[in-house]
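Multiple structures are listed underneath, in structure tokens.
The two complexes that follow have chain A in common; it is paired with chain B in the first and with chain C in the second.
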Partner chain A sequence: MAAADSPSPGLRRRDLCSRGIRLAGKMRSDVVDLLDTYVEWQGLDASASVAAVEGVPVAAVERWDEQTGTQRLLENLAAYRTFRALLAQMLEEQQEQLGEADTALGRALASVLLQVSAFTYHLEELLQLESRGTPSEEVDVPVPPSQLGLFERKLRGLGVLRELAQWAVRSARDLRQLAKPSPGSSSAPGPDESP
Partner chain B sequence: DSHTQYERVGADVTMKCGSMDWDAAVTWMANGTDIDESHLNGSYLILKNVGLSQSGQYFCYEGSSWHRKYQTSLVVGTPPKEPVLMCRSNNYPKGFYCSWHLPTPTYIPNFFNISVVHGTREMVCEKDALPKNRCHIRYIQLFSTVKYKVTLTVTNALGKNSTTLTFDEFAIVKPDPPENVVAKPVPNNPRRLEVSWQNPSSWPDPESFPLKFFLRYRPLILDQWQHVELSDGTSHTITDAYAGKEYIIQVAAKDNDIGTWSDWSVAVHATPWTEEPKHLTTEAQITETTSTSTSSFMPPPTTKICDKGAVVGSGAVAVCWTAGLVLAAYGVLFI
Partner chain C sequence: KCGTHNLRKMICTWDISSEGRQTVNGHTDFCYTNNDLLPPVCFKTKEKRVEIPVPESSSMVTITTNSISGTALATKKFEIHKKDISLVPLTPHILSLTPDFSTSTLNLKWSDNGSIFPYGLDAFWQIQILRKEGMEKVTQALYYSKLTHEDTILSWNWTSDMPLECTSHYVKIRCYINATQFAGPKDWSNWSPMEEVPGKDTDPNGSGVFPQDTVVAVGSDVTICCVHEEGQQILQMTYGRETYPMIHLSSRSSAIRVLNASASDTSGTNVVCMLSEDGMEGTVLFVGYAPDVPQNLSCETSNFLTIKCTWKPGRPSGLYGKRATKYSLFERISGKNVSCEVNEINKDRACGFQVQPDQKVYNFLLGVSNPIGQTQSSLLVNLTQRVHPKAPEKLTVSSNSSTSVHLHWFINGSFADIRLLCQIEVSSGHSGQKMHNVSMAGGKFSTYVALVNTLHPYTKYRFRVRCSAADHFWRWSDWSRIEEHTTLEA
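Take a look at the complex of A and B:
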């Protein structure tokens, strides 16, 4: 029987899932605002079509409904770790361009980076709960080739943010699936819980 | 030899009598009536500036033998204008449907062809049996940033036209309106109405893809709506209704994260609970009638002999009745 001051794994999982869903919702909203700011700052057309950018985790997935809870968590974790590195790179490039100037774009980027970091940590907690352990933190972020011009880098940034916005929506859905009490899931509720 | 001939409205049409020479003697008939010779150029039938009413069966007979030499069905119509195409996902994440129509009729048969492309992948849009002019697609991928491109081509005997829609997966998500909206008064609460509803049955998985709702309500006598947005649950209690007024109430739904609001649900009407009028005894009814008739003498405001609303028991009613008589006496004196 669980100690009075420590919630059961099932309850902890549901709690982490609902907080994660709220985090993902806030993150998405902030990424959408960041996209507007980014497009304006970089002088881009908001409807510009951006080809798939190498190294950016793609949110699109087939047979999404058939994924197990662990698959969802692992894919999310890999994605957000990569986004953390990509956003840090974008922030660095931004600072290189504008020096130490405190800009709205810089602040917005930093805020989203913080949320991505927090969400990554959240996913790690969930994975720990699944008793799967957390995969080693090896993120393979391709450094943008030095021959990428300024415009190409701006488009790349647009691609990163757009894909992150999709991931934020997907993550909320993934966590809701995870929060569902299902006997067939990779982590069924404990004997002392009712679904 | 029987033919079908499609011609545009306003066109000039020349019909030949089969293989008959130009100078052959022929008779043309349309829909059972002889056609006047003024429309003939030799054996050719000339119809200028044809209209829809000239559609029909045309026959040509050899002059002397009355052998039918030629027959055609003339169908007057128009080439298609640009079709109107709409795509929507009311059953996300299962898929979406596209439906179309022509803005104006062509009066001749039209054929529609739809193509759906997602990136480089061509997808099959399965035609629905009913309604016609609609097809549906199952999503293969979810959460894609790649846009869908839907092209509809309409062709008929007089021409063709097409239209293209480009959209992303999230933009077309629009649930059906909430179902089974019920509004009830709350006993002993003259300013409350309890409203409940259900998720639209077409929305396949409200647990993983929860909907949020927008409720609007107003008394019938006013034009201004009150609005409430609800992020969860399928019920709400209105607490600021005007007592005794009939209300009209509607609900709309939207996916929590993406897409647009549904149309408004079917409207329901409800009136908040009101207290039942008190049932008075016969004596009290007479008393009340008397008090009412003396009120036209307008006792001075400070002389609040009886407040109608405060009449409760027969004792208080008797006091009112007595006071009324006194006032009536004064009234008579001053006429």
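Take a look at the complex of A and C:
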């Protein structure tokens, strides 16, 4: 009996991309829910304007459609590795500040962290498919929260989650772009245009 | 006119009439005597002031003015009575003014200059605290001390009603010596030079909301300020969801006053300072309760290895995480102290303490503290009177005869120092439930055995067992699992 033929790289890539798109979609809706929980728990004003948080990868990108597939993957990977570190930091701080009192927010944060980790591995898998080694893992996490006041940390967390929600949108687009038969051609709108 | 700073020497000053001033440009001859029997003491001076001893009752003073060539121009005699000499202490000086920003407290230190006064005099000190750009007086306190003929450093604390970061605070002091024996008029000294604790509104990088992330008791009145950059305006300041009227402190600082603060949410109450040019500063205030005195403190052992103390925490503090209430158990006899891992959410608290070799009596002090306050509860127990064994395990039943069985069970723990009382419950379909009490010497992680007789032959029974301390009963263990057994045929 003939061994099952292994799927062609193209087919494998499209499969990974479509699974990635679903992951990004789920992540985005969970991040949006998390934002609501976060705002409520932290007593913040949902419309509060938060200055760009130093060290948080920005989703908006210029000439989005000129990026190569590898560029997209590398930028996504760098971003989600940073978000993984930022969310882990937020979770640790949440535990220190609220201890056993915080259950809902802590669980929601942990769940999104898991998804970000999963999505990071997914991107690494895609990069390996492109026969490119994944870049080394060092992520320089921005200003450690202990130097910031609590209110600034609350705002910073808000900024991180908002940007993560934007990234989830961009990632879905990037992966759709990658899934197209001829990588690099594009007609899809830039990520900073509303979906 | 004569005045003294130290009751021993007085400084006399005089003036010359306006016409005399044109001709008197030489020196002045000054003579004084405090005692008619002694010759006067004379000396020359260019000044119109001299320092001479304070007389017992009065001094006779003669002042002769001279021209440049030394010819006497005018002479005047004065009698200075003690009651006319005023006592005005020297101007005091502040040695140090030290802020403690975490408690908004100023510590003031100064010398009482007591060495220049006789022993035992009463001294009063007025301490004035001023604030804001306009140097408004915040408070004035009166401090009393007794002079000891030595220079003593006095210390005084003042807690501000607002964070010291909010704006600069200034302090000055003055002194009054209550020399009751001194006949002359007495007056306050001059104010000392002002000492300042600069606020963050004088620091170019001082922006922020203060106090930063602090904890206060429910019901407190709290002043919270927003320090911003020069030229920026505060649009509004909110505490939680409420906007508060602002109190101007300086061109770079304004405050709000929250009265009778209510308990904050789990993550604290946000204080937000909305600034022009899209600026925003903030802080978080945690409003909670001091810990309640722990109720129903009780300690027992299940195995003579560890002691488990439990208590009811009383009213929740409303503080969580690193601000949560912390418990520690101190045992006075052994001197050992353990900190207890507790969970602010669930109501029960428990803490384990190692049984100490050869120690029966334990004098526990349960310490409770959180950032708002602390309290304690104590308990003296004799451990042999607080035995609450674990449920017996590995219960087995073996037939001894058609009307008796042997029960074997194991209890986890070291009971060698006490006797155990165990209860065996025997139930069967037709003879219902009977209880057998057996007492036995305790053992160390031992298996125990008991005989149950007067049973019916060839009958199915269900057995279970529980134990407690025989002397000084405290609590039964839980029941063991049920073991079924049918007796032998007759």
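By our rule, the second predicted complex is superposed on the first by the 172 of 195 C-alpha atoms of A that agree within 3 Å, B and C clash if a C-alpha of one lies under 4 Å from a C-alpha of the other, contacts with A are read in each partner's own complex, and residues count from 1 in each chain.
One rule holds for everything that comes next: a residue touches a chain if its C-beta (ideal position, glycine included) is under 8 Å from a C-beta of that chain, and two chains touch if they have at least 3 such contacts.
These numbers were taken from a predicted model, which means no experiment stands behind them.
Of the two partner chains, chain B is the only one touched by A:Val169; chain C is not. In the superposed pair of complexes, A:Gln95 makes contact with chain C only, with no contact to chain B.
Contacts of A:Lys180 after superposition on the shared chain: chain B is touched, whereas chain C is not. In the superposed model, A:Glu66 makes contact with neither chain B nor chain C.
Contact with chain C, but none with chain B, is seen for A:Leu155 once the two complexes are overlaid on the shared chain. After overlaying the two complexes on the shared chain, residue contacts for A:Gly25 are found with chain B alone; chain C is out of touch.
Residues common to the contacts of chain A with chain B and with chain C across the two structures: 49.
Across the complex, chain C meets chain A through its residues 208-209, 212-213, 240, 265-272, 278, 280-284, 320-322, 324, 343-345. Against chain B, in their complex, chain A makes its touches with residues 25, 28, 49, 58-62, 64-65, 162-163, 166-167, 169-170, 172-173, 176-177, 180. Within the complex formed with chain A, the chain B residues making contact are 93, 140-147, 170, 207-210, 256-258. Chain A makes touch with chain C in their complex at residues 41-45, 48-49, 51, 95-102, 149-152, 154-155.
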